[in-house]
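Below, chain A partners chain B and then partners chain C, in two separate complexes.
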Partner chain A sequence: MKLAVISCIHGNYEALNAVLSDIDTHRADQIYCLGDLAGYGPHPNAVVELVRSLDIPTCQGCWDEDIVEGLNACECSYPSQLAEKRGHLAHEWTNRAIHPEVRKYLATLPMTLRQDNLCFVHGSPNSQHEYLLPSMDGFAALERVLSAEADVLFCGHTHVPYLRELDNGTLSVKVQQPGQGETQHQFTAPLKRIVNAGSVGEPRHGRPNATYVLYDTDSAQVTLREVPYDYAKTCAAIIEQGLPPIFAWRLARGMEFAERADDPGHVCER
Partner chain B sequence: MANWAILSGIEGNLAAYEAVLADIRRQRQPVTDLYIVGDLVGLRGDNEALVRRVRSPQPGEPIPQVCTGWWEEQCFSLHGLRGLPDAPELVDRDRLGTVKDLWEAVSRQTVLWLADLDFGFHELDCLLIHGSTVSYSDELTPETSPLTLCDRLIRADANTLFCGRSGLAFECWVEPSALQSTVTTLDQTAAPQEQGKSPRRVVGVGNVGRQAGQASYVLYNPGTNKVTFKQVQGSLAKGFGASKGLSHR
Partner chain C sequence: MPHFIAISGPSGSGKTTWISQFLKDQSTPQFYVCPGLGEISMDLARIGYRFPWVQVVAEAQLRAVLADLPDQATVYFEWGFHLDLGSPFLAGLGCERVAVLPPDLTESDWHTWADRVVAGNAVAAPANGHLPEVWCTPLTGQVFDPPSLEVLLLEVTGGAYGQVCRLKGIFELPNGRAFYVDFVEGLPGMEYTELNLPPWLAGRPSRFSGIEVTGWGLEQQAIAQTLLDSGLSDAALSQYHQHF
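Our next item is the complex of A and B:
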């Protein structure tokens, strides 16, 4: 079975259309979406309607959660104060633009989806706001896959696609308790994988093309896909709608421009 | 030379706290630092008297450094100071009677004082905390999966994580010995990286006040990196040696 996994569409209708066409040409049997349907981009309602009309199983993203719950995340949701300010502007715009039934739909989205040994989340199994960066400590990354009780963990949220293979994980433990002898045991983990689906509508891998992944459940083959689309159209709509022009600038370059989380491991508790 | 005493789970049990202080005074190597990692207050003890005693150490006693625990967080929730309102964890666990008991067991004035305490302490290469950096309710025990213990140590960014949530006394050395990580991006497949690293440990510091006459705590010598378990039964103190040949650094 061939799966296509998409994430972080962020109101970019043009990019979603291009990716769906690419998925068609690859004859995927099933599409999964890892959330962030809204935010940054100019067409959140149209994106949600398209995803719903295609019956694509979808997890709730960090932006979807914020639209439903209100912006009560701590400032940790944003990698810098400047980003926070822009993020607030985009949130307010999206919050005004979103149709009531779209908001209702976003509220129904689950945190995780599963298929056999695969688990799908937006950020991590712990939170829509946790970043699983490829540089994260390997054992911490392995813990996320195992806590999801999966062999392959699909995530998004970082907007940069990657495949991480974690093999031959071995830990040993020595326990000493008062009044008892020392006990020892060993723990080994078989090959586990993290697949980050990148971002359809707000890519940050250094080029403006939309990204997503294909996964073959029979061969366990992962293919990172990069799809060109008419981003100038989305950029024009961003400006036209009065969203911060820097989003258009960033979209045209596929850039992150130094907006990195200070502490990507930090999980917002609210 | 530094010598830390680390306590948790006093739960308002003043007699047990006094017994531990007496045991601390008896140590041949003087205790220089006293940490209480949460659950100062609880349902059954005399919380007000206990908090008064903690806040006014006698001359020559180390000044207790206190962080919040599970029971403190339940108080904050009940008093609407932080977390979810109306202490749902407490309601889940013990039904509504307990909520009323806790409301009566700790005065608002004391709750406000508790609310100013830290979540934990980073000292040297150690983190001292009630649960873990994931949550005050995170309960680490020797039965916790090694990978979870390893994750909590990584998150703590510490070589030793002292915690009190389980109430158990234990020392658990975790050695993440091997893991190959290979990252593929759109542009390249990097060479596999070996992620194995040296052992670190999680230490459960026992509990002072949960069971009458059964106080436990730990001593830690940062100079030798040795943890010693202490049990105090009434006025009788009994020491347990730990970490024989387990000092990896």
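Our next item is the complex of A and C:
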């Protein structure tokens, strides 16, 4: 069975359309979406309507949560004061633009989706806001996959796609209880994988192209896809809709930056 | 008799660098003048910070200073690309005229004007009639959030607010240090130089800082807003200062 995993669309309807066309040509049997349908981009309602119309199982992203529950920042939310101010502008705009039924739909999205030995989350199994960076400590990364009780953990949120394989996962645990001697336990975890789907609508890999992932459940093959699209249309819509023009400039250069992704040791406290 | 030297050339060709090699000499009184930008001159401030023994002369004081120069004085006039080479003021001083020019520039008004030509940086000389505009603003008292400043510089020099061929700035950071930042289109990277100044860790700095951007179609208001958005609040600054 061939799966397509998409994430972080951020109101970019043009990019979503291009990715769905690419998925069609690869004849995926099922699409999963890892959230962040809204935020920054000019077409949050249209994106949600399209995802809903195609019955794509979707988990809740951090931006979706913020639109439902309001801003509730942990320090990991923004890499700079400037990014924070711009993020707040985007949040206020989206909050005004979003239709009530779309907000209701975003509130119903689950944190986690599952299919057999696969788990789908936006950030990490702990939180939509936590980053699973490729540079994250191996033990912490393995702990996240084990806590999801999966062999393959699909995530987004960083906007940079990657595949990380966690093999030789041997864990040693020492337990000492009052009045008893110390006991040591060893666990060996089979190969685990983290697959980051990147971002459809707000790439951060230095090019404007959308990214997503194809996964073959029979061969376990992961294919990172990069899809060109007419980003100039989205840029024009950003400006027409009254969003900050700098969003368009950065989108055209694959320079999304509005959330932190440079501290692999940080544990989100939301 | 005082010695007057006027130095001109395109933006980024290396005029200030050429002058700086002589300003290290403290044996005779030296004066530095950089007309055209009033009190908001990055070059004036940078030379003042780097060579405290050099008397930097603001335009408002120029007449008085010139009237009372010691005989051994050397006065360097940095004559920006936007100033008239045929200025009667310069002609009246009897200056030695030096042009700092890109090596591949073989014919220009600077060649006609100069007594001697010095090879400078390989920057593009502006085509006739397409001189860039210069926008500058003081930032004195403003202390920047470092990651925001990094983003701002990347965006401004990358063309987010118009085509930029040159950026010079003096920026204060929350650790009390001040940096000179220099970008020249066509030269690799951006130069960051820490200024040799005492750390400012009590309140907002009252010493000069500012930014000067040269280019075409500059969106001045957007740059100004981004600068404002990148500055630290009093509360954030106080928190930093407690830490340092």
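Note that the second predicted complex is superposed on the first by the 247 of 270 C-alpha atoms of A that agree within 3 Å, B and C clash if a C-alpha of one lies under 4 Å from a C-alpha of the other, contacts with A are read in each partner's own complex, and residues count from 1 in each chain.
As a working rule, a contact is a pair of C-beta atoms (placed from the backbone, for glycine too) under 8 Å apart; a residue touches a chain by one contact, two chains touch by 3 or more.
Values in this document were obtained by computation on a predicted structure and should not be read as measured data.
Student: Using the overlay on chain A, decide if chain B and chain C clash or can fit next to each other.
Tutor: With chain A aligned, chain B clears chain C, so fit.
Student: Looking at A:167, would you say it contacts chain B, chain C, both, or neither? Reply first, second, both or neither.
Tutor: first
Student: Using only C-alpha centres after the superposition, what angle do chain B and chain C make about chain A, to the nearest 10 degrees?
Tutor: The three centres form an angle at chain A of 90 degrees.
Student: Between chain B and chain C, which one contacts more residues of chain A in the superposed model?
Tutor: B
Student: Pick one for A:146: touches chain B only (first), chain C only (second), both, or neither.
Tutor: Touch partner of A:146: chain B, not chain C.
Student: Touch test for A:246: chain B only (first), chain C only (second), both, or neither?
Tutor: The second partner, chain C, only.
Student: I'd like to know which partner A:85 touches here: chain B for first, chain C for second, both or neither.
Tutor: second
Student: Name the contact category of A:133: first (chain B only), second (chain C only), both, or neither.
Tutor: After superposition on chain A, A:133 lies in contact with neither partner.
Student: Applying the touch criterion given at the start, work out whether A:56 contacts chain B, chain C, both or neither, answering first, second, both or neither.
Tutor: neither
Student: Is A:177 contacted by the first partner chain B, the second partner chain C, both or neither?
Tutor: first
Student: Just how close are chain B and chain C at their nearest CA atoms in the overlay, in Å?
Tutor: Nearest C-alpha pair, chain B versus chain C: 16 Å apart.
Student: Could you give the residue numbers on chain A that contact chain B in one complex and chain C in the other?
Tutor: none
Student: Under the definition above, what is the set of chain A residues touching chain C in their complex?
Tutor: Against chain C, chain A makes touches at 79-83, 85-86, 245-246, 249-250, 253, 257.
Student: Sort out for me which residues of chain B touch chain A in the complex.
Tutor: Of all residues in chain B, those touching chain A are 134-135, 142, 145-151, 154-155, 168-186, 192-193, 195-196, 216, 229, 231, 240, 242-244, 246.
Student: Can you name the residues of chain A that touch chain B in the complex?
Tutor: Those in contact with chain B are residues 126, 134, 137-143, 146-147, 160-179, 182-183, 185, 187, 189, 205, 211, 222, 224, 226, 265, 267, 269.
Student: Applying the document's contact rule, which stretches of chain C touch chain A when the two form their complex?
Tutor: The touching residues are 145, 147-148, 150-152, 155, 158, 160, 222, 226, 229-230, 232, 236.
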